[in-house]
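Next, two complexes with chain A in common: one pairs it with chain B, the other with chain C.
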Partner chain A sequence: MKASSSPTASSLGLKVVLPGLLLFRLALLATPLPRFFEHDHQLSSPLTSFFRLQEGIFLYKNGIDPYAGDVSRVSPLLLAIFSTVLQLPLPIISVLWTLSDVLGAWALVSIWRARSQTVGTKTEGLVAAAYLLNPYTLLPSLARSTSSLDNTQHILCLLFAALGKSSPALFTLAFLTHSSLTSVLLVPPVIMLLLSGPTSSLAAPRPAVISIKKALYLASEYFVYVALLAGISTFVAGSWGWVEKTWGAIFLLPDLTPNPGLWWYFFTEMFDHFRPFFLMAFSIHLLIYVAPICIKFQYAHDPLYAAFLLQGIIATCKSYPTLSDPGLFTSMLTIFPEIVPHLRHPLPTFMLHLHSALLLLLFHDLWLVQGTGNANFFYASTLVFGLANGAAVVDAIWAGLRISFGERGKGWAIAQL
Partner chain B sequence: MRTNILKRALLAASAAAALYLALVVYEVRANETAHAAAAESFFGAKNTQGHTNNWAVLVCASRYWFNYRHMANALGMYRTVKRLGIPDSNIILMLADDAACNPRNKFPGTVFSNAGRHLDLYGDNIEVDYRGFEVTVPNFIRLLTGRVEPNVPRSKRLLTDDRSNIFVYMTGHGGNEFLKFQDNEEISAFDIADAFEQMWQKKRYNEIFFMIDTCQANTMYSKFYSPNILATGSSELGESSYSHENDNEVGVAIIDSYTHYVLEYLETVNKTSRTTMSDFFNHYDPVPIKSHPGVRADLFPRPVHETLVTDFFGGVAQVELIDDDSEPARGTPISISIPINTNTNTNVPIQNEEPRSARAEVRDSSPASARRVQSNVKVKSAGVGVGGVGSSVGSGNARDGLSGEMRTWIGTFSVLVLGAWVARPRGGNKKAVR
Partner chain C sequence: MVAVEWCFRLTSVALLHGLLRAASAAPVLEEEFYENLKLTPLPDGRLLTRFDFKTLLRDAAPRAPHTLAEEDEPQHYNLFPLALGQLLREHAVTELHLTLNAGQWNYAAWGQPEDSGVATGAELWAWMGESRAISVKDRWKGITNGLAGLFCATLGGLDVRRTVSPSVAFQPEGDIPSSTPHHLLYAPLPSESVCTENLTPFLKLLPCKSRSGVASLLNPHRLFDADWHGMGVHVTWEEGLGVMVRMNFVAVYNPTRLMGLQNKRDWSFRLLFDRSITRACPVATRSAIHVALPSEGNFRLEPTAHSNLGNIAIFDVSKVQEPLELSMKWPDESEFDHTSFAPSLSPPLTVRRVLTGAGQSQGALAVSLSNTNTETMRVAWVETMPWFIKFYLHTLEATIKGERRNDLVKLVTYAPTSSSSQAPTLLESHVTIPGNTTLRLTIDLEKSFISYTQHPPAAQRGWDLPGGIIAFTSHSSHRGEKEKELREQRIYTPILLVDLPTPDFSMPYNVIIMTSTLVTLLFGTIFNMLTRKFVWIKLHE
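Moving on, here comes the complex of A and B:
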């Protein structure tokens, strides 16, 4: 912490930034903003809505199976935790969300420290601020969407993996899988991260030496955790109905509430005859990105980067995304500052994001509140949002691979064959 | 080191699995017995014997002014079943003609059933569901079997379930195994028997009491073959049923003798009577009735002397009392069989003189008793399947297994224990992974 004690370096140092942002977030909670965002479709999906969590808890407390209907799609683990340990009044719950975000920011900073092997640089403040002030993560946390908690778990998992603590990492990932099944796609990069470490070899790729046996062992440990938690979930819920309603919802898309994703509109217009095929196609689409990215970036020895890219792809192609998924992606960009000079079109990407963020809000309001627009308006804005996310991911992939070619000498050009 | 972790992980997993399995088995068994016990205590109560709601289908199948008595028959039955507690929503009244507003009616808007015109059966609060030309054989059979057109309103549907006791009363002109509808068609005993069989197969009734007042009425129930039907008719094969009396001002016969004596007997029954059907059948006296009424009980599962008259004529329902606070009741509910009459005050208005003094005491007892019960507890009338949604997380009423709250605490605790075990500091194991 020596560097942070000098006044110039600590002006953006973590010790100042983190408490300051915490206070700022707590101050935001005191405004009427949270109520404004509570039921917003961009900030909470049917799987992450706090309102539905409360409904599930209420039904459960009154002896009705919360998974018999379609309202509550929350994992039984969250149901159990929120109805026992976290039985707190609403303002304190909001503070809990803010604290979880601050924990996520701190974990992101710790990942940065592990990756860059430095402590107390200016970047730490930037990383924390990028996570806490990013509107994509700020607003869902104000809306008490459980996707913010999912983000925190995600970052904690990456932190444990970066520090080499396999069991905590896999357990956090298992818990995250229970609230958001799509995170199972992160198992390969996390295992790779556990086996190779967070330091980057993007600039000097070399083949990875990963023992398959160890990887399989870690994977089996992960699945054991998932199974144990599934057993506890079944015990809490009293039956296996929760599987269809929580995990099944991701594959079967029963709820077509509008969200910033690409799935819902397709399936509002689809004939039932084609539904299974398209559900399969969309799910497999998400699955096919895992292997190429992990294989490619094992040479770069940067599974953290692979996890970062996968998060971007998940954010774009997930079945029930909220704004916090691309929020995590954009915030994680700060822990890879070395690729920023190699981004080919950062400004258009940023403009696309700005454009789509504004359009999302505007067209959502126009369609659902004022009634002068229709679903196509909002879907168009989600398409632009998908384009923005896609552009960001593509650019990040390019930059991650480009960095190994080094500085471009005069008279030379880098071309893609 | 690696195998050590593996062994420990496997041990923990198998211990947890064993524990979980044991808990699940215990849960499931406890649930089964709890559910069975709850169902038994709800349905097995002696005094309701399996039915939870009552319906009545009252059919007058003949038209024209000179068949005034048939409409009076049906309206008399209507008044009686309403008095004994079946609400209008559960009564289907089919009158093939309008006697009250008939131009030949000297007392318009009224229908009487006794010679002194003491009691107006029509009044201003009756609900005729099928009237005039809607009373046809196809409509009747569709009503019974439930195969109605989609545009038929709810009030014209027989919305019974497998716990409904139905009282079917038919009157009109009939003969050997037929009943005449509207003077242009007839329904046969086979048709009604088949309709009842369809109802049985579609679980549309718990028990049926079939009463028919026509000439040679007993032939109409001779063809039934479905279970749980008790039937009675006014006259044997080859016998006619006769009217009881004429009113000189109205100018026609105003009641049939079988129905008259049945109604007179039912006036002695009130909602809390324990009069049995055997008492009811024993009061049949062929001499004043002028024909030989018959009873068919071979399809009926219970002994007739243990079947209450109110099982068919009254709207008795099972009531579950819960405490005033909003917690769902735990433990076995106190079940009291209290007849719920939703229209105590909306019966047919009575004229000044009442030849039957028994009616006065009947009217008073029920509202007072109902009010007394409702004074300081919340009466929750228990319908079938209240709150019984889905899986083994049923209502908390009679659960022996772990309650939901216990389960959430155990679940949370397990997760925290698992997390703590996962996060425990292990010396040297970190390095072994990479």
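Moving on, here comes the complex of A and C:
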């Protein structure tokens, strides 16, 4: 590994930034912000709301089946963990969320180290700050949305995969699948990452050598973990009822609580007889991106980049997104600094994000708190937000493909035929 | 030809014979009909009128549920309401209670009503035995639809989305056969109102209709002008006595309003009902009018009562020769003084229930129970919420003067709602209220976002939520018979109106078009980029 050249860069790096950010995040917990954000629909969905998790824990402890009703939609694994090991008072739980975010930031930095084969560069501080100060990840964490924990698991899974530790990576992914089923889309890029290593060759693509046999072996290992955890979940919940309430909800959208995604208003306004068709269409739509992106970027020899792009697509198109999903996507951009000059339309994308972030807050408040706006206003801002996320994904795909062509000087331009 | 004629004759004789046999096989039961009108002047100047019609089918028993697969034995009724009787036999109902009320019963001014069922809107509950042939739920469906047709009410809406099985608060008023396990099904419909179309079928069930006897006073134009009015049908079975149908109509009149500018509480049949009783119902075993006499004040009741029982003047309608026209006057009073009445009837327990929270999606239900007695009181608290209201049980909190006292609440049943079954949430708990204190119960709730097709036509009007029920389970100061009486008493809180967050109802096409466009844009752009070839282009100049 290449050590950093100057000692000042190292001192400005992670050792200062990470504790500083941790202190800042802890200070935020002392403000009334967490209470203010607790019920915000943009920060926690019905599947990730901490308030609902608490209800589930309460019902579970009092011998009432938490999956009999509609309120508790968290994985039985979280229910088991939070009703036994992490049975803590609320302020400590909030600290736990912050620590989980810090762990995520550290893991992201470690991925950067593995990828760039460097230690102690300035980028490390930037990567950590981009994760810990990103409002999209910061606010859901303050609201104690379990999507923050999902993000940490997501990054840890990628870190283990980048370090070539197959079992921890697959187990973390299986656990993540239990709390957020959409993450199953990450299985192909994670297996590719395990088999090819984290270093990037985006700029000089060549076909990756991936053994199908090994890939199938890893995939079956992953499914064994999922089945094992499903068995534990059923044991914890006492019945298979959790499958319908947690995983089923992702396909069937029984709860139409607003979120920044595209599904909720679409299915609120859907004609009853078309509902099953469009539910199917929206679910399958998410699946179709996996193969093309993995195939295209295996030549670029960068499955990590494929995982990054898929996260962007998940964040845009999943059924119950929160702000932390696009938050993870935007923060992950910092571990691919080389693509930044090649982003297709960075300014319009940034403006769209800024625009929709302000509109989301405003129109959500106007509709549901002040009672002066109506649902269409918030829907419109989620559309802009979807557009912003989509534009970011498109930018990133363009940049990832464009980078290998380098520059040819004045008078030349790149185009697609 | 002759053979055909003979055949025909033979068949008709056989048919007649069969009919006669069937008729003789049906046990001829003794039937009794009692009617009663009770008038009680209330301290706040109002007048409580209560019509009671009791039909007793002596020595009859409810149909055993295990015989549901077989053909029912024929029934023959003279006085017992046939349409109702058929319905009860068809679905093997042991006990049934239906109330249809309009307005909110004022417990503080009018005291505890004789019949506890004063919930606003419609309320139906029935006890039915288990049967292998037809399930209790299927029979419930039959009953609600049958009663809906019988009483011209929207009781068909009391489907699985309204029906619960509470375990406390509702006790059978009669006897339940011990041979079969029985189930209670209960459904409130707060938005239902009672009017003429319900009274007409009600009168049809009475043996004398509204042509004679006490029932002739039931003039819909006047009854539905009363401040509070409601009707009830109660079917009970008592071992050794038989099946009894009690039909009642209760109206709380405000004579000071009816008197116009005079502002007096004087009343007469003419004023209240615009009718008088001209003849007695000939089939009634007993037909009486009771007037509760106020304990104080100088009043005059005309004509003179046939007998007196304590503070109650009794008129026997069957003895009436000329049209009976009761009136009561307070000759010394030039005007009724509304400020003078003391809430002497104020019940031992007062209940307030409100929805709190300003937002459209989050809120809380707050119930305050004030025990005015010095002794501790134990009550059952029952909440039934439609499927679009979700409770957060972990936020259930009992406080006395701001101090947390969750030990006073003991949860009995919690059956949460689910959007797939759309069954209501049922929350039942025992609550202990120390003497002379106000216990405040709060629970957070969520108003669900529901699909645009699930909203009613006037969505912005909001949804009526059923009132909470407080039932006296036991009372430390009363024992024995008195306790049984108290146990059957329930207090209903006012119904609540909740406005759910609404989508825009004109948007379906727009939303489908716009969201699909965005998805297509994303899909198209990404696949374009992934599949097309990158080339260098030499730019001119």
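Everything that follows uses one rule, which is that the second predicted complex is superposed on the first by the 405 of 417 C-alpha atoms of A that agree within 3 Å, B and C clash if a C-alpha of one lies under 4 Å from a C-alpha of the other, contacts with A are read in each partner's own complex, and residues count from 1 in each chain.
Definition applied: a residue touches a chain if its C-beta (ideal position, glycine included) is under 8 Å from a C-beta of that chain, and two chains touch if they have at least 3 such contacts.
None of these values were measured; they are calculated from a predicted model.
With the two structures aligned on chain A, chain B clashes with chain C.
Of the two partner chains placed by the overlay, neither chain B nor chain C lies in contact with A:373. Legend: residue contacts after superposition of the two complexes on their common chain; A:20 is shown touching neither chain B nor chain C. With both structures placed on the common chain, the touch criterion links A:346 to neither chain B nor chain C.
Comparing chain B with chain C, more residues of chain A are touched by C. Look at A:64: by the touch rule set out above, it reaches both chain B and chain C.
In the superposed pair of complexes, A:411 makes contact with chain C only, with no contact to chain B. In the superposition on the C-alpha atoms of chain A, the part of chain A touched by chain B in one complex and by chain C in the other spans residues 62, 64, 68-69. Remark: chain B residues 2, 6, 9, 13, 16-17, 20, 23-24, 27, 328, 387, 389-396, 404-405, 407-412, 414-415, 418-419, 422-423, 430-431, 433-434 touch chain A in the complex. Residue ranges on chain A touching chain B, taken from their complex, read 60-65, 67-69, 76-77, 79-81, 83-85, 164-168, 170-171, 175, 194-197, 214, 217-218, 221, 224-225, 227-229, 231-239, 241.
Listing the residues of chain C that touch chain A in their complex gives 358-362, 390-394, 411, 414-420, 425, 446, 448-453, 501-504, 507-508, 511-512, 514-515, 518-519, 521-523, 525-539. Note for the complex: chain A touches chain C at residues 39, 41, 51, 54-55, 57-59, 62, 64, 68-71, 244, 254-258, 262, 264-272, 282, 285, 288-289, 292-293, 296, 313, 316-317, 367-369, 371, 374-376, 379, 383, 386-387, 390, 393-394, 397-398, 401-402, 405, 408, 411-417.
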